[in-house]
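Shared between the two complexes below is chain A, which has chain B as its partner in the first and chain C in the second.
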Partner chain A sequence: MRRQVGANIPKVDGLEKVLGEVRYGADLPAKEPLCLKVVRSPKSHAKIVRIEMDEALRIPGVERVFTAKDIPGKNLVGTITKDQPILCSDRVRYIGDPVALVAAKTSEAAEAAANKVVVVYEDLPALNHPEEALKLNGPLIHDKGNLLFEFHVIKGDVQKGLRESHLIIEKTYQTTWVDHAYLEPDAGISFLDEKERVTVVCPTQNVHYDQKEVASVLGLSLDQVRIIQCATGGGFGGRLDITIQCLLALAVFHLKKPVKIVYSREEVFQVTSKRHPLTIRYKSGVKEDGTLIAVEVEILGDTGAYASYGPTVCIRSAVHATGPYLIPNVKVRSRMVYTNNSWSGAMRGFGVPQMAFAHESQMDLLAQALKIDPLEFRLKNCLRNGSETATGQTLMTSVGIGETLRKVKECRDKANHSREDPKRPFIKRGVGVGSMWYGIGNTGIANPSTAQMEIDPNGEVRLYIGVADIGQGSDTVLLQIASEGLGIPLKEIRVIRADTALTTDAGATSASRQTYISGNAILDAINYLKQEAIKEAGPLLNMDEKDLFYEEGKVKARTCLTTSLPVREVARRSGKVIKGEGSFDPETTRLDSKTGQGAPYATYAFATHLAEVEVDTETGKVRVNRVVASHDVGRAIHPKNVIGQITGGVAMGMGFALMEEYVPGGTTSFVNYLIPTSKDVPEVIPILVEENEPSGPFGAKGVGEPALIPCAPAILNAITDAIGERIYHLPANLERVLETVRKKKAGNSNH
Partner chain B sequence: MRLKDFTSNLKRSDPQTFRRLSLIQTMEITIKFTINGKIVKVEVPPHWTLLRLLREKLGLTGTKEGCGIGECGACTVVMDGRPINACLILAPKAEGRSVETVEGLGDQVFLHPLQQSFIDHGAVQCGFCTPGILMSAKTLLDGNPHPTKEEVKGAISGHLCRCTGYQQIVEAIEDTGKKRKVIR
Partner chain C sequence: MIPPFDYIIPETLEEACNILWEAGKGVGVIAGGTDLVIGLRNGDHSPRLLIDITRIPELRKIEEQDGRILIGAAVTHSEIVSSPLLKKYGKILSDAASVIGSPQIRNLGTIGGNIVNASPAADSLPPLMVLNAVGKIVSREGAREAPLDQLFKGPYETNLKPHEILVHIGFEKLSSVMRSSFIRLARREAMAIARMSMAVVLRIERSSNLIKDIRISPGAVMPRPQRMPEVEDFLKGKSPDEAILKTASQKVSGVMVLTSGVRSSTPYKAPVVEALFLRAMRSCLEDRG
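Presenting the complex of A and B:
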C-alpha cells in the first residue's frame, strides 16, 4: 500500500465542496421549518423592566415568542464559568444580548415580530474599560465581582534578575478586538429525530460540549439531546461557544416542529465572541553579552460581558509570556476582567498572538539596543532540547525553534533587501522577524479524545470519531492516520463523525490539538483492533496467538512467511465485528495556582516568520510583499494541508497586524470591518521544519494556531525597520502608521 | 424617513395605497430565464433577490450568502457572461437572462478543470467561498484563457476567503489557465 502519512492526497471533502453539493447550516433541508429570530438588547448595561409581546403575537404567521421564563433547565451556559444566559431574564450586559426569541412561519414574519417585541429597560452604568471595572465599589457586572480570573507564573527571582541586568527595556503594548470573520454566518436546524431526541444540526467546533449545554438548558438528560455537525464554514475558535444551538433546541422543545435559524452577518459581528484585547506591560532585562535574564509582565484582558474562554486566555497568555526563550527569572501577572463590551472568547491562539506581539517587539528593541542582529539574538536565547520553560517544564524533544530561526536566516541573508525605491522616495522598506511557541492542547488540564475503529463481516471498515472538521482538513488527516495505522487504503475506510448519537467525545477542535490528540486516540483504537484481529485469526489459521502479528492490513505468522490472512477476511470468516476502542490524553500536570509551575502541555510547536514590507510614508499604507514562514509542526501528515494552514494563518495574522479592529456596538459589516483580500496578502514562502515528536501520531504536532501567531510581530518589526519608529498599538492601520511617521519626523527635526 | 415610518404614515393618510403596497409584499410575478442552460419559468415575490430565488425556489444552494450586502462575494453567479453578486440583484432582473451557478459548472463525472485544479492545489478549506470564486474564475478564463498571477488576483479580489490566504486559490486558477489550450 502507498504510504499515507506525508502524502498530499485530495481532501476527502474537496469534491462535494467544489461541486457546491455540501450543505452548510443555511442549506440544510427541513420540512416546513419555523423561522427563528432573536430580539436583542440595544443597551450595553440595563435592567429589563418588562417585555411586551402582544403586538408581536398578532402578526400573521407568528407561533410563539419565547423569553427566559420558557427555559425549563438552567439558563446559563459557558465553557468554564457558566454565566451567560440563553435569553436574559433580568438584565442585559452588552449590546446584542438576547432577550426574546420569535418563532414564525416565514422569515419576514419572524423579523417583523421581533421588531414589535417591546422591551422596557432601565439603564445601568456601563463599564467599558478593564481598569474602570476593577475600581472598588463600582458597579458589578456579575455578582461575584468584575475580576473574572487572575493567574501568575513565577520562576526564579525577577527582582534579582533585573538588578543584574545590563539593560532593561519596559514598554506597554495594546491589542484590540478581532472578529473571527468565518465566512459562513451561523445557521442551523433542529427537529425531533425518530427517537424523539431534540436534534440540532449546525456548524460547531465541539458537538459533545454543545450536547451538554443544550441538555442543561432544557433540563434533559444527555441521551435526549443529539447534536450533529453539518459542514462548517470556518471556526477559528468562534464556534467553540454556544451560538445558535440552545435557541434552536428551546424552540423545538416547546413547539415539537422543525425550526431553522440563520444569522445575518450583522448578527454574527454583534453577538459572537471576539479576540480578547490585552494590555501588556512588558519589562525585559538582558546581560551585556545578550543573554536574557529576566522578564516581568503584567497582562490585563477585557473579557467583556461573559467569561467564555477568558480564564483560558488569561492562563495561556501568562504561560506563553516569555516567548520561546530561555529566561531564568520570570514574573507574570495576568488578569481577566468583565466589562460591558462584546464578549471575548477563543480565537486562534488564545491570547498567544497578543503576547507574541509584545515579546517579539521587546526582542527587537533589546537586539537594537545591544547592536546585535535580531535573528542572532533570538538564536542565542531560544529554547533547545533540554531547556526549562518559565513554568519549570523541561522540554526533552522536538524543540524546533532554533531550526526555524536558522532557516529564516538563510532566506534573509540570501535576499537582497533594498531599503529605498529610487522612483518612489516616499516608500520605505523594511524586514522583520517574529517567533513563537505554542503548547498543543488544553493548558494543564485533561483533554482526552476517544475513537473507535471497526471492521465488520461484510468487510466494511469504519472510523468513528467525534472530531468536528471546520474546514482545516481534520477528516482527511485523521483518515490518513487511520489508513496508515491499519494498512488499509484510505478510500476503503468510511468515517462517521461529529454526531453525538454515533460518536464519542473527542474534545474540541481547538488549541491545534486534533491531529495530535485524536490522531493518537485513533492509533490507540487501531492497536486494540489489531489485538482483536490476532485473537480471532488464531483459530482460523490454526495457530497460537503468540505466533501471529499484524502488518499491512494482514494477520501474519511469525514462523511462516506465506501464512497470512487479510484483516477483513478475519472479520468475514469469524463472522464477528473486529473492533478497537481507543483514547489518548496528553501527559500534562496541573499548574500550581500560585506560581504557575508545572508541565501544561505534552508538546509544543515552534515557528518563525520573516516579513518584508514597504511603507508609504505619505498615506500610511503598509504593503507586505513577502512572508517566509518557517514552522516546526512535527511530522507533517499532509504537507499541503499544513501549507494551507500557514498561508491562511499569515493572511489572518496580517489582518491582525494592519487592519482588523472590531468596535463593540459599532462594527456591523465587512464595510467597516476589513479583512485581507487576494490583493492584500503577501507571497508566502512556507518552510516545514519537521522535528519528530515521539509522542505524536507518526511524529506529528499541530499547526492551526502557530500559523497565525508570528506573523503580526514580524510585520510590526518590519514596519519599525522601515520607518525607524515602533508602533505599540494594534492594528497598525493607516492612521497609526502615519502618526508614527510624523512623530519620527518631528523627533528628527528636534535634534 | 425610514421605511417603517413611511409605511405607518401611509397607513393613516392613504389607506388605499397602503393596501396596494401591502399586496405587493404577498403577490408573485412570473419570470422566465435560463439557469445553467435550462429555461425555467418561476413565480417569485418581486422583492426577492436572485440569491433567494436560486436558493429557496430553485433549490440551488451551492450559491452562498455570506453577508447579504455585496461585500464578500460568496453569492457570485454568472449572468450573461459577467460575474455578479446575486444578493444585490432583484430576482425579476433575471428575466430573459442566462444565469450560471456552481451547479452548472461540472458534475461528479465531468468536473470543470477549475474544480479539479482547486482540489489538486488544496485551494478548498471550509469551502464556503469556493462556489463564488469558481464562478469569477470561470468568467476570467472564458475571456482570458492564460491570465497572469496579478490578473487572477484582480479577478477574485471581490471575494473574501478567511481560511486559505488565497495563495492556493490563485495558483489553482493560474495553473488551470496554463494547462488548458482551449477553454470550453
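Presenting the complex of A and C:
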C-alpha cells in the first residue's frame, strides 16, 4: 500500500464542495420548519422593566414568543464561567444581547413580529474601558465583580534581572476587536428525531460541548439531546461558543415541530464573539552581549459583556508572553475585565497573536538599540532542545524555532531588497521578521480525545470520531492517520464524525489540537483493534496468539512467511466486529495558581515569518509584497493542507496587521469591516520545518493557529524598517501609518 | 426583510415617464440596484412600486453625437470600461469605472445610478465633473439639460424631481491635447469605497508651456461633487512648475477644509488630498511626453 502520511491526497470533502453539493446550515432541509427570529437589545447596559408581546402575537403566522421565563433548565451558558443567558431575564449587558425569540410560519412573519415585541428598558451606566471597569465602587456588570480573571507567571527574580540589564526597553502595545469573518452566517435546524431526542444540526467546532449546554438549558439528560455538525465554513474560534444551538433547541422543546434559524451577516457581526483587545505593557532587559535577561509584562484584556474564553486568553497570553526565547527572569501579570462592549471569545491563537505583536516589536527594538541583526538576535536567544520555558518546563525535543529562523535568514540574505522606487519617490520599502511559539492543546488541563475503529464481517471499515472538520481538513488528515495505522487504503475507510449520537467526545476543534490529540486517539484505537484481530485470527489460523503479529492490514505469523490473513478476512470468517476503542490525553501539569509554573502543553509548534512591504509615505497605504513563512509543524501529514493553512494564516494575519477593526456599536457588515481580498494578499513562500515530535502521531504537531501568529509582527516590523518609526497600535491603517510617517519627519526636522 | 412592492419594466421612455407621472408618491426607479437594494433591505425606503429602466433603448447606449459623447443612464460600469469610444475620448471615466467595487458590482451598477445616488464617495462623479458633463432629464413635462454641478444638493441628495428620469449624461469629447488623470485611494485593493480620490483635466499650451485649461474635482472629501474654481483660477496662465503646484495643492486642501469644516479626519485628509492632487498633476504632465 502507498504511504498515506506525507501524501498530498485530494481532500475527502473537496469534490462535493467544489461541485456545490455540500449543505451548509441555511441549506439544510426540514419539513415545514417554523422560522426563528431573535429580539435583541439596542442598549449596552440596561435593566429590562417589562416585555410586551401582544401586538407581536397578533401578526398572522406567529406561533409563539419565548422569553427567559420559558427556559426550563439553567439559563446560563459558557465554556468556563457560566454567565451568559440564552435570553436575558432582568438585564442586558451589550448591544445585541438576546431578549426574546419569535417562532413563526415564515421568516417575514417572524421578523415583523420581532419588530413588534416591545421591551421597556431602564438605562444603567455602561462601562466601555477595562481601566474604568476596574475602578472601585463603580457599577458592576456581573455581581461577582468586573475582574473576570487574573493570572501570573513568575520565574527567577525580575527586579534583579532588570538591575543587571545593560539596556531596558519599555513600551505599551494596543490591539483591537477582530471578527472571525467565517464563510457563512450561522444557520441551522432542529427537530425531534426518531427517538424523540431534541436534535440540532448546525455549524460548530464542538458537538459534545453543545450537547452539554443544550441539555443544561432545557433541563434534559445528555441522551435526550443530539447535536450533529453540518458542513461548516470555518470557525476560527467563533464557533466554539454557543451561537444558535440553544435557541433552536428551546423552540423545539416547546413546540415539538421542526424549526430553522438563519442569521444575517449583520447579526453575526453584532452578536458573535470577537478577538480580545489587549493592552500590553512590555518591559525587556538585555545584557550588553545581546542575551535576554528579564521581561516584565502587564496585560489588560477586555472580555466584554461575558466571560466566554476570557480566562483561557488571560492564561495563554501570560504563558506565551516571552515569545520563543530563553529568559531567566520573568514576571507577567495578566488580567481580564468585563465591560459593556461586544463579548470577546476564542479567536485563532487565544491571545498569542496579540502577544507576538508585542514581544516581536520588543525584539526588534532591542536588536536595533544593540545594533545586532534582528534575525541574529533572535537566533542567539531562541529556545533549543533542553531549554526551560518561562513556566519552568524543560523542552526536550522538537524545538524547531532555530531552524525556522535559519531558513528565513537564508531567504532574506539571498534576496536583493531595494529600499526605494525611482519612479515613485514616495514609496519606502522594508523587511521585517516575526517569530512565535504555540502550545498545542488546552493549557494545563486535561483535554482528551476518544475514537473508535471497527471492521465488520461485511468488510466495512469505519472510523468514529467526534472531531468537527470545519474546513481545516481533519477528516482527510485523520483518515490518512487511520489508513496508515491500519494498513488499509484510505478510500476503503468510512468516517462517521461529529454526531453526539454516533461518536464520543473528541474535544473542540481548537488550540491546533486535533491532528495531534485525536490523531493519537485513533492510533490508540487501532492498537486495540490490532490486538483484537490477532486474538480472533488465532483459531482461524490454528496458531497461538503470541506467534502472530499485525502488519499492513494483515495478521501474520512470525514463523511462517506465507501464513497471513487480511484483517477484513478475520472479521468475515469470525463473524465478529473487530473493534478498537482509543483515547489520548496529552501529558501536561496544572499551572501553579500563584506563579504559573508547570508544564502546560505536551508539545509546541514554532514559526518565523519574513514580510516584505512597501509603504506609501504620502497616503499611509501599505502593500505587502511577499511573506516567507517558515513553520515547524512536526511531521506534515498532508503537506499541501499545511501550506493551505499557512497561506490562509498569512491572509488573516495581514488583515489583523493592516485593516481589521471591529467597533462595538459601529461596525455593521462587510461594508465597514474590511478583510483582505485576493488582490491584497501577497505572494506566500511556505517553508516546512519538520522537527519530529516523538509523542505526535507519526511525529505531527499542529499548524492551525501558528499559521496566523507571526504574520502581523513581521509586517509591523517591516513597516518600521521602511519608515524608520514604529506603530504600537493595531491595525496599522492608513491614518496610523501616515501619522507615524509624519511624526518621524517632524522628529527629524527637530534635530 | 424587503417589504413587497410592484415591479414594472417599461419598454419605452414615454411609457416610463407616464408611469412615473401617474404613480405619484412611493415610487422608485431601479437600474442596477447596487445601492437601492441595500437601502430596501435596511428599510431606508419602502416603495410600493419600482420601475426598472434597464430595457429602455435610449438609456442603454454609448454614442458620439456632434462632437459629444452621450452615455445612457442605464449603461453599466463594465460597459463603460470596455467601450473603445470612452477609452479614446473620456479615458478618465473608464479608468474610474474600472475600479468600482468588484466585477459583480460593475456588471450590475450603472452610471445613472451612480449619479442619482449622489454619494460623496462615488467613483464616476469626479471624472464627470472635470469632463463638464451635462445630464439630460425628461419627464412628462418635457426635457431639460442639467449641468452636473447643478444637480447635486448634498450627500445622497439631488434636485431631480420624483417624476423625472435621467436619460443620459453627455460631455464634449476630450481632445488629444487634453490630459487627464484619476487617482483613487482605498483601504484595500478591491471592493472598497474610496477613502479619497482626485480627478484632473489639464491642457498646457505647447508654445508657452502655460496652463490653458485646468479642471479639478476631488472625491470623498466634500459633501457633494464639486470643482475647485479657486484653485483652477490660480493655476490658469501659470507655468506648472513644482513651486506653483505645491502652492496649488495647499489651496486644494484649503478649499476642502473651508467646504467640509475641520473634522476628526482632517489631519489625515488634508495632507493626503494635497499628495493626490500633485500625483494627478504629475501624471498629466508626464503623459504629455
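As a convention for this text, the second predicted complex is superposed on the first by the 751 of 751 C-alpha atoms of A that agree within 3 Å, B and C clash if a C-alpha of one lies under 4 Å from a C-alpha of the other, contacts with A are read in each partner's own complex, and residues count from 1 in each chain.
Just so we're on the same page, a residue touches a chain if its C-beta (ideal position, glycine included) is under 8 Å from a C-beta of that chain, and two chains touch if they have at least 3 such contacts.
Predicted, not measured: the structure shown is a model, and the values here were computed from it.
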| item | value |
| --- | --- |
| Which superposed partner A:Glu111 touches (first chain B, second chain C, both, neither) | second |
| Winner by number of chain A residues touched, once chain B and chain C are compared | B |
| Touching partner for A:Met659 - first (chain B), second (chain C), both, neither | second |
| Partner chain(s) touched by A:Lys11 [first = chain B, second = chain C, both, neither] | first |
| First (chain B), second (chain C), both or neither touched by A:Glu618 | second |
| First, second, both or neither for A:Thr677, with chain B first and chain C second | both |
| A:Arg742 touches, of chain B and chain C: first, second, both or neither? | second |
| Which of chain B and chain C A:Leu730 touches, first, second, both or neither | neither |
| First (chain B), second (chain C), both or neither touched by A:Leu292 | neither |
| Touched partner set for A:Leu541, first chain B, second chain C, both or neither | neither |
| Chain B and chain C contact sites that coincide on chain A, given as residue numbers | 108, 671, 676-679 |
| Sites on chain A touched by chain C in the complex | 107-108, 111-112, 426, 618-621, 659, 671, 674, 676-680, 733-735, 738-739, 742 |
| Complex contacts: residues of chain C adjacent to chain A | 1, 185, 187-193, 195, 265, 267-268, 271-272, 275-276, 279 |
| Contact footprint of chain A on chain B as seen in their complex | 4, 25, 55, 60-69, 71-72, 74, 101-103, 105-108, 111, 115-116, 118-120, 122, 124-131, 134, 152-154, 156-170 |
| Residues of chain A defined as touching chain B within the complex | 8, 10-11, 13-15, 17-24, 26-27, 108, 115, 180-185, 231-234, 236, 264-265, 470-473, 640-641, 643-644, 646-652, 669-671, 675-679, 681, 683-684 |
